[in-house]
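The structure's right below; bear with me while I get my questions together.
Residue numbering begins at 1 within each chain, and the chains themselves are lettered A, B and C in the order written.
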Amino acid sequence: MASASSSSSGVTPEPIIAVTGLIKQFGKFAALRGVTADFAAGKLYAILGDNGAGKTTLLRTLAGLNHPTRGEVRILGSASIPEVCHHIGYMAHPSLLYDEMSVLENLRYFARLYGVTDDARCAAAITSVGLDPTLARPVGQYSQGMRQRASMARALLHDPKILLLDEPFSNVDIHSAHDMAALLGRTRDQGKTIFIVTHQAQLLEQVADEFVWMQAGRIVARTPKLTRPEPQ
Amino acid sequence: MKRIFPILSVITAALLGYALYAALVIAPTEQTMGDVQRIFYYHVPSAWTAFLLFLNNFVASVVYLIRKNPVADIVALVCAEVGVAFCTVVLITGPLWARPVWGIWWTWDIRLTSTLVLWLIYVAYLMLRRFSSSGQTPVLAAALAVFGALDVPLVYFSIWFFRTQHPQPVIGGGGSLAPAMWHVLLLNWLAFSMFAFLVCWSRFRLEKLSREVDETQAMNALLDEPVSNRSAR
Amino acid sequence: MTPPSGITLATLSKDLRLEWRSKDAINSMLFFALLVVVVFSFSFDPNAEESRHIAGGLIWVAFLFAAVVALNQTWAREVRNQVLDAYRVSPAPANSLFLAKALGNFIFVTILEAAMTPLFIVFYQLRSLGPAWQLLLVAAFGTWALVVNGTFFAAMSLRTRSREIMLPLLLFPISIPAILAMVQATTSILLGEGARFWIVLLFTYDLVFTSACLLLFETVLEAE
């Protein structure tokens, strides 16, 4: 399932993420049953499917949080995700932030984990998602929309090449969701590769380059438009 | 392999029977303690067997941590379970022996106390295995086994020094053993070791089969079609 | 790239700052510590001479209970919003996180001990016949022994059911040589006898298990 995007010289560029025969089992439950796919750089992929299709497991495996039972994941040419993890930004439905700190304090701390000591970059990341860096209110008191945006700021903070977002629009009000989708489109335009797992595909209709359909632990289709493929 | 097991079982049963006879009848009666001392032939071999099993558990745990070999995990589990059983025998026979002879149920005897701590560590190990979810159990248990093994010499030294400061009766006698007693002791140890080996082997086979069933079911889930046990690999 | 020690310091200062702000955990732990001392005083009521013999044991059992309460909330904030995931996907080394948590626990438990000790001295009319500075050494090594393993087992218990009971269940058996050493050392010093062996044993225990924790923490953190 290689996506052949040829450059002007006619050579297929190296996929930024290459998944081969990925199988993930949790005891008797097989979450991923053999996923093989190449993903090109600089594109926004929307990963869709019913509950239990394996979307979250796939994303977590790409982030290095789940270890494959079998198969291989190569990111930026490396089979070892810890090697390239500073190029990856991850966001999930839980905020991955400390409720008791303000958004700037949170980002300052997480920035240290990536070797970023520049306060200005933290403030810039917060501003880019439409939040106020000077807001002293602890993140735990934010609305869900604001919290998701703060979480996105954390994921963007170290300027990663790859963004992995798991249900970023969940429980978010419609305006914030549209803003976030637009922001993600602009981020893709800056050259980042973005993977978004979502149940609200229509939010990404204008912005996604490709829709990846998953079912029962496999990728069943990849379409450029939001048209559900015929069931196999 | 399958024929060896019944043969070994018969031999072990015979050996256990003879060892019991040797302990109760053949072995000379101890001078000071009398016939009560004969429990020694159960107490000490159980202890040695338990220690050997725990040592096996430690080695298997280290092998698992380095190579993630699932067989190593099964060996570790099996040795821990059987080891705890033998350890329990030691902890029961110890006081049973101490009470008639020295008038006390317990004493901070170095070997008995070390055995108690080892028993506590391995019961904790078994509880950890029971309470953790199946994917992580082997790694967590192996880590705990390493901690336990590192603890053992520290336990021994701390109790040894404690006893030099607070002298206590020594269960099991510090003196040398008459040759006839040595023979009976070693005979019992051999019988116990073989028995332990057989129990471990059975348990190992049981656990291995149980895991193979789970894996086949997982494979079925993976492939969406029935798969026979052997051709699944 | 921030050096690992930088990450440890950043994590530790974050934890201390958060604790200082809410003071939730430290307040409840201090009160718990006071309750423990009072209950012990009712249960074991010796005259002044006897007290020196048993105080070593009593005080460390009290510290142990307080330590378990502190250790059980080590990872509470990280678990709440799956912050551990954020840590794991970052390039930060797992051991930096471990050391920060262990040091944080060490500080908390030391504060508890500092609060409980005067109460014990008062209730039991304690006076040390031996050099008191050695008691500080015992307290430092002993507390680290409990806290380093406790932080490690607290992380292990995150992956189990019955998290809160799992921690003491794992910690107590492994800590027995350290507890024996702490108690015997304290008693010996209070009685004016030498405690050198016990202090050396505690130090050895600390070395061995700090190494083991640092070696195995990442494995345990990544287990899934």
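Everything below uses one rule, namely that a residue touches a chain if its C-beta (ideal position, glycine included) is under 8 Å from a C-beta of that chain, and two chains touch if they have at least 3 such contacts.
Everything numeric in this text was worked out from a predicted model, so none of it was measured.
Peer 1: By CA centroids, point me to the most central chain in this structure.
Peer 2: Central chain is C.
Peer 1: Determine, using the mean of C-alpha atoms as each chain's centre, which chain is farthest from subunit C.
Peer 2: Between subunit C and the rest, the longest centre separation is with A.
Peer 1: Take the average of all CA coordinates in subunit A, do the same for subunit B, and state the distance between these two points in whole angstrom.
Peer 2: Taking the average C-alpha coordinate of subunit A and of subunit B, the gap between them is 50 Å.
Peer 1: How big is the gap, in whole Å, between where the Cα atoms of subunit B centre and where those of subunit C centre?
Peer 2: That pair's centroid distance is 32 Å.
Peer 1: Using mean CA coordinates as chain centres, what's the subunit A-subunit C distance in Å?
Peer 2: For subunit A versus subunit C, the centre distance works out to 39 Å.
Peer 1: Subunit A: which residues touch two or more other chains?
Peer 2: Subunit A, residues with two or more chain partners: not present.
Peer 1: Where does subunit C touch two or more other chains at once, residue-wise?
Peer 2: Residues 224.
Peer 1: Using the touch definition from the top, which residues of subunit B touch two or more other chains?
Peer 2: As it turns out, subunit B has residues touching two or more other chains at 135.
Peer 1: Mind listing the subunit A positions that touch subunit B in their complex?
Peer 2: Residues 23, 25-30, 33-34, 216-217.
Peer 1: Going by the contact rule set out above, which residues of subunit C touch subunit A in the complex?
Peer 2: Contacts found on subunit C: 1-2, 6-7, 10-11, 14, 18, 21-22, 77, 80-83, 85-92, 222, 224.
Peer 1: Please output the residues of subunit B touching subunit A within their complex, sorted ascending.
Peer 2: 134-135, 214, 217-218, 221-224
Peer 1: Quick one: in the complex, what on subunit B touches subunit C?
Peer 2: The contact residues of subunit B facing subunit C are 65, 117, 120-121, 123-124, 127-128, 131-133, 135-136, 139-140, 143-144, 146-148, 150-151, 154-155, 157-159, 161-162, 165.
Peer 1: Taking the touch rule as given, give the residues of subunit A at its contact with subunit C in the complex, in rising order.
Peer 2: 63-67, 82, 85-86, 88, 90, 92, 94-101, 109-110, 112-115, 117, 154
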